[in-house]
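There are structures below to look over.
Two complexes come next, and they have one chain in common, chain A, joined by chain B in the first and chain C in the second.
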Partner chain A sequence: MALAEHLPALIVITPLSCAFMAPLLYRRHALASGYMVLLSLLITLVMSALLLLKVNREGPLSYQMGNWSPPWGIEYLADPLRLYMLVVVIAVSLWVFFYALKDLEHELRREVIGWYYTLYLLLVASMAAMTMTNDLFNLFVLMEICAISSCAIITIKQDRECLEAGFKYLILSAMGTGCYLLGIAMLYMVTGHLNFEYLQNELSTAVAIYPLNVFTAAALFIVAFGTKAALFPLHVWLPDAHASAPSPSSAMLSGLVIKIYAFSLFLILYQVFPRSLLDSLPLSEIVLWLAALGVMFGSIYAMMQKDLKKMLAYSSIGQIAIIFMGIGLDQRLALVGGLYHIAVHAVTKGMLFMAAGAIIYATGVRKISDLAGIGRAMPLVLAAFTIGSASMIGIPGTGGLISKWYLALGALEIGRSLFVLVVLSSSLLNAIYYLPIVINAFMSEEDFAHKVNEVPKMLQLALVIGMIFIVVAGVFPRPLILLLGEAVANFF
Partner chain B sequence: MAEKTVVAIQIIIVLFPIIMAPVIMYSNRISDKLRNGLSVLTAAFTFVLTMTLYPFIKNGGVVQHSLFEIIPNLEISIRLDLLSFSLASLASFVWLLATPYSLAYMSKEHACGRYYPVLIFTLGSCQGIFFAGDLFSLFVFFELMSIIAYILVIHEQTEEALKAGYKYLVMTIIGGLALFFGMIIIFELGGTVSLGVGPIIQEESVLGLVAFICFLIGFGMKAGMFPLHVWLPDAHPVAPSPASALLSGIMLKTGAYGLIRVVFFVYSFQLLHAFDWDDILAVLAVITILLGSAVALTQTDIKRRLAYSSISQMGYVLLGLSIFNTNAITGAIFHIFSHAFMKSALFLAAGSIIWKTGKRNIADLRGIGHQMPITMGCFALAALSMIGIPPLSGFLSKWTLALGALDVGMPGFVLVLLISSLLNALYYLPIIIPAFFELPGELTIKHHGDVHHEPRIKIEEAAPLMLLAIVLLASCTLFFGLTPNNIAYGLSRLTAAFLLGGGGL
Partner chain C sequence: MEMLSRLIHNYFYLAAIILFVIGMHTMLTHSNMVKKVIAMNIMDTSVFLLFVAIGYVRGGKPPIIDGIGETLYVNPLPGALILTGIVVAVSISAYALSLIIKIQRAYGTVDCDEICQIRGDE
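Moving on to the complex of A and B:
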């Protein structure tokens, strides 16, 4: 079938084209516009799943945009690893949008909701493309789209806090992109290529002639992606941005956007830089240590927060660091753990932000200390929060345990027990700041002091879906783990 | 009985209470009676089902069955052998008694709609621990039970309870992480965590030792081993009394059970012995025994005193476990049985007293034996058994333990046991003696010439259901001490032989 061959392009084009139709339709018929976005995401998800099945059956697929072959044209690569990330991105976006449909009416002015749909779909399209692109410059373009749209879904709320946070994010993000562009330039200078594969071939010889260029490029990439993915100590923009944004935006930003950059860095480290370079430069060592620090500091900062969404945002810094640890440990099992954690944390943190959003929706409360007794007033929302917390801690039966298991196993395999302890202490620290909220919500003697409005059914349904995801990820992780295990096998 | 039937029965034993928990929670909306009835029925059914496995066990059957794979080489599996059967039958028995006791006790308490489902759920997860066929399943159920039991600990929801509960929860998480670490090391070293493949760790290594210490931390924390016992004296007394009885009587034992599994199935006792790793256990056990007893002396709240006593009693089990011969292991396992009966009886009796009179302070319990003769009689029986007076079951376990210690030429351990008995006497007798031989504080003996007129004290016993549980448990301590050829002692002997013989592998 002709269409099936163009799936990689269609996956990007579908949300992209809908992005520009959504606000037009929104003027005429607000509800239809929302459902159109939902439908387009659903179609994209189905296409991604089909592509994954096809690739799993027939092996990796290379797609050339406009039939221009690689050294000149843009190549999209569909292998199991990238498609795993793609499916995670689309599935989580669909799920978050489901929640956004009802929540946005509450958080935004009516006129801008149509534009929010545009930004949302642009963000999804750019992330989907980022998972597949095999071209450094194309990645740059997509990163810019991603950065601008994610910045805009924060500032769209138009209050002082959001504008300030959005501006901070924009500046730091632009700095990151700048570093990245400079890095590409350095590599292009010595190799004349932008395609991953061609670069990798050329670099193994080029590094001997122009070592300084390549080293600088590597350093620039780490700074670029470190800033964008909030790797400690480049995380300063994240807490404000993620906490002040509308809840669906927070769920997207914390759940997916920071991970897509971590994933891109991972692709560049493993698919662009030749193995010999990785062995001679302590790149992964740097990532590893920064990640270990991030795990500790993210959690410690989170403990000090009084605002619920701020706490969740700081917790993301610790969790993205867990993913970076998987990349930095440079070991197959650890990498599987890190990549699995991308999906687990996307759902977990997404759901936690949704739960926080539902609390704000129904009661307007944001302060942690005001949540006493809320569990009895909103049992379902707090049940979701509890399951999310359990997954953060890594309690058996939740996805968090599986990713920690693989990370720890990988660290042990190469004899670095210190990092096992880091992973374990992250669990403990998470317990220390998540559990009191849960306990206080359900067991406090005092009753909840604020008025509770009803939470719309759709919001509740979205939370239930999240809970199911997390438990399934904890009990039946086998197929995904096998897929990831095979996908990363050829890096080692 | 075919192996398939056994596996099916085991799965039902574990899952039935877990499934019934939400049913009970829902039935609470319909009527209290239905909820109570369902809770008791579930406990009874679980007990009966567990006992149906006895013929299979008696014939020396061992089952190891893998259910499904979670991730490659890591599965949920089920195991039945003498050790799991011993503990599972004990647990379901005590639950069977504690649940009807709760009906009466909890009638004065709030939030019963939460209490019963949790009580039944912990039963299921407890059986899951005992039937787990590999460390991972064990870990899953262990965490499940520990975390759910939190709700029992903080049932009163007072500030004190919440504080104790938080301490409990943090320690549980730390213990869980230690177990996780240990398990991962075992997986890394041996490639499996199954309990059915014989000793996984065959040679000495630093990592092996680290894992062993992790298991000591994880399981020892649960068993109240020094220095990880700190949560126990806070958490056990604040729970409602039937829950305290289960926490102290059964859930503590899951820690000891885990250690037994680790010592005999993950490592081999020969290995531990050869590298003197068992000494760590022995030293901690001795400290635990002495410290628990010594601190119990200073407690004035009756339930706190009982909780400290639990710490010291668990020390016996650990001590027995650190000596690898038939007598010592028999003693350790039999002590699990007898301590479950004694301590549950004590906690339930103390609960009855608190329920009826509201008195918790030991100084206020003078003369309570006149008012509640049966309850206090059972309390006395169980306390004497704690001290180790023949012919009660506590004597039998200490005797066997002491024999085991002498067999390996360690009279020092016997001395520890004797000192601990003395200390037990020192803190139990001052409860019992004033209870029977003095009068309640507000009454005094009036003198009319030479004639003593003792004032009449009205007998006010607790509810019949509560009495039943206490009497049954106290008579168990008598019965299992009086007739050394009983089922519990027999099982302990068989289990010890089974463990030392390589666990039927």
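Moving on to the complex of A and C:
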């Protein structure tokens, strides 16, 4: 079928075109607009799944925008690795949007909800394109779309905290893209290419002639993506931004947006820089040590928080660091663990933010100390919180165990047992701040002191879907692990 | 000495990097939000300058093929890329400035340190 060969472009275009129809439709039929967005995401998910099947059957697919062939035109590459990330992005955003439909009415003024849909779809489209693009400059443009829309879904709430947090996020993210663009300039200067594949070929000879340019570019890329993905110590913007945003935005930002940057850095390190450069420069070592520090400090900061959403935000810093560790260890099993953690953490943290959102929806309580006895008042929401916490800690039967298991296996394989300790202590530290909330919620002597409104059915359903996924990811990880194992095999 | 002569030869690269560092430093250290946005623009512009300078070929002509012999052409691609970059930078600064207006209404100041104080007092 003719349409089938344009799937990579259609996956980006569908949410993009619906983005601008949503607010128009919202003025007349608010409900229909919401369902249209849901439908467009569903169609995108189906197309991504079809593409994944097609690629699994026929091998990687290269799509040339406007039929301009690679060194000049923009190329989208659909290989199993990128499509895995694509499916995660679309599936999680569909799921979060399902939750957002009801929750937004509570958190935003009515007249901006239509515009929220626009921003949401723009964010999804840019992330979907970021997974597939094979062109450095195209990646820059997509990163900027992603940055603006992710700031805007924070500041759309328009209270003082959100505005300030959003501005801080915007400035640091502009610094990140500035560094990234300078990095592109450095590479373009010595190679004359922007396509990943052509760059890699040229760079293997260019490194010998212009080493300084290439080293500078590598440093700039690490700073750029480190800032955007909140790699310690460039994480300062994250806690305020993720904690003050509306709950669906928090779920999206913590669940997907920071990971897409980590994934892009991974692609650049492995697909743009030649292997010889990676062996001669301690790039992965730098990422690895920063990640190890991030695991520790993210968790320690999280322990000191009194606000529930702030605690979850700090915990994201520790968890993104786990993904960076998978990239930095530079070993196949560890990489599989890190990539698996992208999906697991996207769902886990998304669900925890949804549970926190549901608690705020029903009771208005944000402080951790006020949650005593809430488990008896809202059993389902707290059950979701418990499963999410279990996955964060890595208790058997949840997805969190699998990714940490592979990460630890990979670290042992290359004899770096120190990082196994880091992974273990991350679990321990997570237990220290997640478990008291759960225990306090269910076992506390006193009853919950605040009035509890009913949680809408759709919110509950979204939480149930999340719980099911986490357990399935913990019990049947095999197909995904096999897919990832094959996808990364040619990097080593 | 060779380093110096190379620097003088490629003075536009040096200018771009100096502007980049000025922009980045101001953006991260100044507490006034409007100055941050200005610095952001300086930083972006410096990269645009560097990019366009890469495409320049000494003695090159505009890349319009008129069929008269072999000549040296300037690389047109960086210019086209930077056009996109400029559009992106404009939209980011427009958004940042609109945020500053909202922040000014909410806090009565555009100074980050003062906002921190106000939030600390709450």
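Please note the rule applied: the second predicted complex is superposed on the first by the 492 of 492 C-alpha atoms of A that agree within 3 Å, B and C clash if a C-alpha of one lies under 4 Å from a C-alpha of the other, contacts with A are read in each partner's own complex, and residues count from 1 in each chain.
As a working rule, a contact is a pair of C-beta atoms (placed from the backbone, for glycine too) under 8 Å apart; a residue touches a chain by one contact, two chains touch by 3 or more.
As the structure is a prediction and not an experimental result, all values here were calculated from the model.
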>> One more residue to check, A:Phe215. First (chain B), second (chain C), both or neither?
In response: neither
> So, A:Pro436: does it touch chain B (first), chain C (second), both, or neither?
Replying inline: first
> Of the partners chain B and chain C, which touch A:Pro396 in the superposed model: first, second, both, neither?
Replying inline: first
> For chain A, what residues appear in both contact lists, the one with chain B and the one with chain C?
Replying inline: none
> Residues of chain C touching chain A in their complex?
Replying inline: 20, 23-24, 27-28, 33, 36, 40, 43-44, 47, 50-51, 54, 75, 78, 81, 84-85, 88, 91-92, 95-96, 99-100, 102-103, 106-107, 115, 119
> Hey, which residues of chain A end up touching chain B in the complex?
Replying inline: 393-397, 402, 404-406, 408-409, 412-413, 417, 420-421, 424, 427-428, 431-432, 435-436, 439, 443, 445, 475-478, 481-482, 485
> So in the complex, which bits of chain A are touching chain C?
Replying inline: 137, 140-141, 144, 147-148, 151-152, 155, 158-161, 163-164, 166-167, 170-171, 174-175, 178, 181-182, 185, 188-189, 192
> Inside the complex, what are the residues of chain B that reach chain A?
Replying inline: 69-72, 74, 139-140, 143-144, 147, 154, 157-158, 162, 165-166, 169-170, 173-174, 176-177, 180-181, 184-185, 187-188, 207, 210
